[in-house]
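Each chain gets a letter, A, B, C and D, in the order it is written, and its residues are counted from 1.
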């Protein structure tokens, strides 16, 4: 296992170094992909080996940076789960990247891109392996920085720089909060190793514990993309190369969940009921607002980014319910809720990775992300369309794919809460159920739009009309994830029991988790509900085949003729007559008008001679999310005002700067003096 | 073995009975309009005719357009295996609960909407957009109504819900039950495209929801879709009938009880069909943008159902 | 409530099988057997107004009224030619409607029938020779049965429809 | 049959609440008045039920007065007012219908949460209906603040009173008859005063849209 771990490190390191040293861009693409595939595969191997052998992995290098207890890697079940998640998405994304980044040949440095991708994957794989605070923060920061550079790949695009700035600001704000949380935690600990923090956390005062938890929620929440800290997602995801978006959306934001679980569940060992309630509320708000904004998007990748906000919200609902049930002492319910949350995180990694890769193929073929300029791609690129359809079905939570299973489990994990007798739990859970259902329905609507407008009907631009299928490496990458979506759905029973062991032993959860299923059926605690994803899938396949055969051989007429689309007999049909993505979302935009508050701008040019002849009509309607309008806009404005004011002290003279330094030093010393006295 | 035979019978019964339900509603509506009306079995003739006709497909349509009718039909047929039409407990009860039924139906809606978008007709897009809007907004009501039932029964599995109401007849009159029934009834109207949400007999493209999506379909494909819509209606009727008023559902699997179950199912379906027919005669179609208001009424009903079920605990 | 008591008072408004019109009754029984084979007693009609003065439409809509109630014969109107077995075409075909009429015919799946309603459909009626008229219906698409009259009565139309079904 | 009484209470309270929700869903004032009439009828039936099961004959009187006043007299007065201002419908409330209904749902959940301690303390078989009565009180308050027409607000106010009466009946098996009668008289007085006000508003502005009152500031 240690060997595999070293292989993982070596793979990524090879990828990074070889990419930098490679003679041409083409070689760089291939060697970096090779390194990443080896590394990702080995990472997945480490995680699987861990689950098979149940031996913890310990690799410590205390000599390095010994001041802060050195580098230490300790893999436990929780970490192994997230390591597996990284590996699962890393391999197909790297394969995909080998073909995808060909479009960048000669435009941007592929050596740099390859090296950064490998470093990004390396640091991402090591975050869940970290065994002490220093290692964790180093890897966390490495992950943030490398992903920042990856986002900044496409610098020709005007939006990229701004996206990078938003991302950098949010991620570093988050890092500061995480750092503060760890500092508070480490106050009474002997070393910063997680094991020591765990024992020290038990002695902390409730107020400190609450503060640590809140800081962790905010810090990790900004990485995970919880509303209102999600603002960087819809900016950075579209700007990054698509396989990087897939990694960021599929994996990196999940590490925010990992961080929260590590601190809240493992180190702090759970807390009062309001922790869980807070997480549920944040999750519910993120879920419903995320999907609502996703519905309004015309940019395919922004739509996917908002949908990531939604899915992270769903994960947080599960995790929050787990915290809540823990505090109420309902252990089986807590296990169910937490595993449902984790399972959804895993599933989301698979299908969102797949969808981003699919969106990448669309971008690759048509050079546009605007759905109002796409359409009809199912003919030019049948494979990408099929894969995107599988991803859409999975994310809409439809049987028999994996999204359906985890959504079902989330529903079932909220149900015991409605039966709870604690004061606010029942109403909270009732609302959460309503929101979960609404989110599911709206997500289905959103992905009918995403798939239907992008891939079906008549192409809305010549780029879409002449779209070509992606190269094989990209198709293989998507294919792996599509199979993963199917497999994760069908193998729900073994996966759920494995997830039980991931959580076992943390925060009062028993070491032997109650089995959530046997045979082919998932069974929730107290046999509240039973469901067999495998048999549902089997039933669907058998019945579909039966219906097809029945119609084929029952003597029904077989005639088939191809004609024009029926359009009330009009002469010709053009793409301009089709429903667009904006039109598709219009009813929901009207329904939720009070939330969106769209701005409307109508200008009509009349003919100079008569008002009865119109020359042109221009209609513009925009939606600015209110989080940005009412929260970020004032903050940014204030920061800018302060920045202008602070410019006064910028004289440009070295003497002035030295003076500031001396004053600051004297000030600090004075404080020390005063405190010493 | 008996169980599996029962499952097959049930599915066959649902397939066979469904067009009749549509015919029954049409006949009753005709009578309420003082017309003689088509006989109840008219939909069977129509389906038979459609299966004998040629299919005309748009030149813009992709394979999805050909696949969708089969998926739509298969999703509702799969759902009939899980719904207690005649008896409980079914051998397939452990395969899926009420939520699975709901999501199977959503799968059908999803594919039908995609098929509506596929030929590039503006009507299809309009229908797809509206159908998904209605489906999405109906979803919270369905979930809460299910949970109001599940809270009482201690399970979301259909067999157990039925069994529990059978053993405690008083619970059928509990407010949670009644309110959830009201909520699900509204959802039934919305999901199966009945008035006041959608007019199944409309010829005006601009007011259509379900019809607009299937304007492009013809021949056997249309037959599958119409048949699936009828089965969906029957599924909702048997859920309304058997979950809320379970008497008559066979629990012993003897021929006598099964016969009683079949008769009681017929009675329930006739009563519900009559209710729908009377309602459709009485009320006009709502404007599309008042539909969300109707659905929020059903949502509040479902919320009240859940609230009163934990009030009485 | 008032509505329903009214419904009860009126009772059945449909005329019993077009009383007094022995022809139709006999035709109906004649046609029944053959029609069942071809259209299974279910005939879906798409109405196409190819430029009529709407007189014929008025009469056609009389078919669905409680008095004539075409639905009792399994004849009903549909919203799309894709769902239809028969096209009811009215009016002289105007230049603008020639292509749409042809498209509608093409959009209808086989087997299909065409019934041209009214004098205009047969001979362009008073519009004959107008620059805006492309010709009678049978110059554009094959017609199975013509129904004369300006406008024809609903009973005539029904007879025409049944005759067309019988001809096949 | 011991569970019958609480079930009837919750069912009755739910009906009373649902009739309250009609104010948020319908737009015609005539429907509001009908809803109010039915609500009052259910309320008095519920009072009679409590009287029967609680063996409290005084409550029969209360039920009788309820029928007389709220089912017969007040709706008739309201009808007369409505006929006078017939064309005025509640077309553009401050909060749209769908949102109002969802807010009403939330208010009911909130009412459930705040009455929980009360319900936990009470031993009465009627206690389960109390959150719904509280919900009606909150929903009626919401009607009063979110609707523009004075007539709607009057109906909202009357429903508020119904909610309080329901709370009293369920919470304490009804306060003594004499107090109840006093409340009714108060109500009648308040109603008459409001009627006069509405006539006044109408005369001054030729509308009973209370938004018109803003003009008084200028």
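Everything that follows uses one rule, which is that a contact is a pair of C-beta atoms (placed from the backbone, for glycine too) under 8 Å apart; a residue touches a chain by one contact, two chains touch by 3 or more.
What you see is a predicted model; the values in this text were computed from it and never measured.
Asks: Please list the single chain whose C-alpha centre lies closest to the global protein C-alpha centre.
Replies: Of all chains shown, the one whose C-alpha centroid lies nearest the global centroid is B.
Asks: My parser should flag the chain pair with the most contacts; which pair should that be?
Replies: After counting contacts between each pair of chains, the winner is A-B.
Asks: When the C-alpha atoms of subunit A and subunit D are each averaged to a single point, how far apart are the two points in Å?
Replies: Roughly 48 Å, centre to centre.
Asks: Express in whole angstrom the distance between the two chain centres, defined as the mean CA positions of subunit A and subunit C.
Replies: For subunit A versus subunit C, the centre distance works out to 59 Å.
Asks: Where the centres are mean C-alpha positions, what is the separation of subunit A from subunit B, in Å?
Replies: It comes to 35 Å between the two C-alpha centres.
Asks: Distance from the CA centroid of subunit C to that of subunit D, rounded to the nearest Å?
Replies: 56
Asks: When you check subunit A against every other chain, which residues touch at least two of them?
Replies: Residues 426, 430, 559, 561, 563-564, 566, 568, 591 of subunit A each touch two or more of the other chains.
Asks: Quick check: what residues of subunit C touch more than one other chain, meaning two or more?
Replies: Only 80, 82, 107, 109-110 qualify.
Asks: If a residue has to touch 2 or more other chains to count, which residues of subunit B qualify?
Replies: 52-56, 205, 215-216, 219, 292, 299, 303, 307, 310
Asks: Going by the touch definition at the top, which pairs of chains touch each other?
Replies: A-B, A-C, A-D, B-C, B-D
Asks: For a test of understanding, state which residues of subunit C touch subunit A in their complex under the given definition.
Replies: Residues 48, 80-82, 97, 99-101, 103-104, 106-107, 109-110.
Asks: In the complex, go through subunit B and note every residue touching subunit D.
Replies: 170, 173-175, 178-179, 290, 292-293, 295-297, 299-301, 303-304, 307-308, 310-312
Asks: Going by the contact rule set out above, which residues of subunit D touch subunit B in the complex?
Replies: Touch list, subunit D to subunit B: 3-4, 6-7, 10-11, 14, 17-18, 21, 25, 97-98, 101-102, 104-105, 108-109, 112, 119, 128-129, 131-132.
Asks: Contact residues on subunit B for subunit A in the complex?
Replies: Result: residues 51-64, 70-71, 73-75, 77-78, 81, 92-97, 99-100, 103-104, 106-107, 109-110, 113-114, 117-126, 128-130, 132-133, 135-140, 142-144, 147, 150-151, 154-157, 205, 215-216, 219-220, 223-224, 288-289, 292, 299, 303, 306-307, 310, 313 of subunit B touch subunit A.
Asks: Help me check something: in the complex, which residues belonging to subunit B touch subunit C?
Replies: Against subunit C, subunit B makes touches at 26, 30-39, 42, 45-46, 48-49, 52-56, 202-205, 208, 211, 215-219, 222, 278, 281-282.
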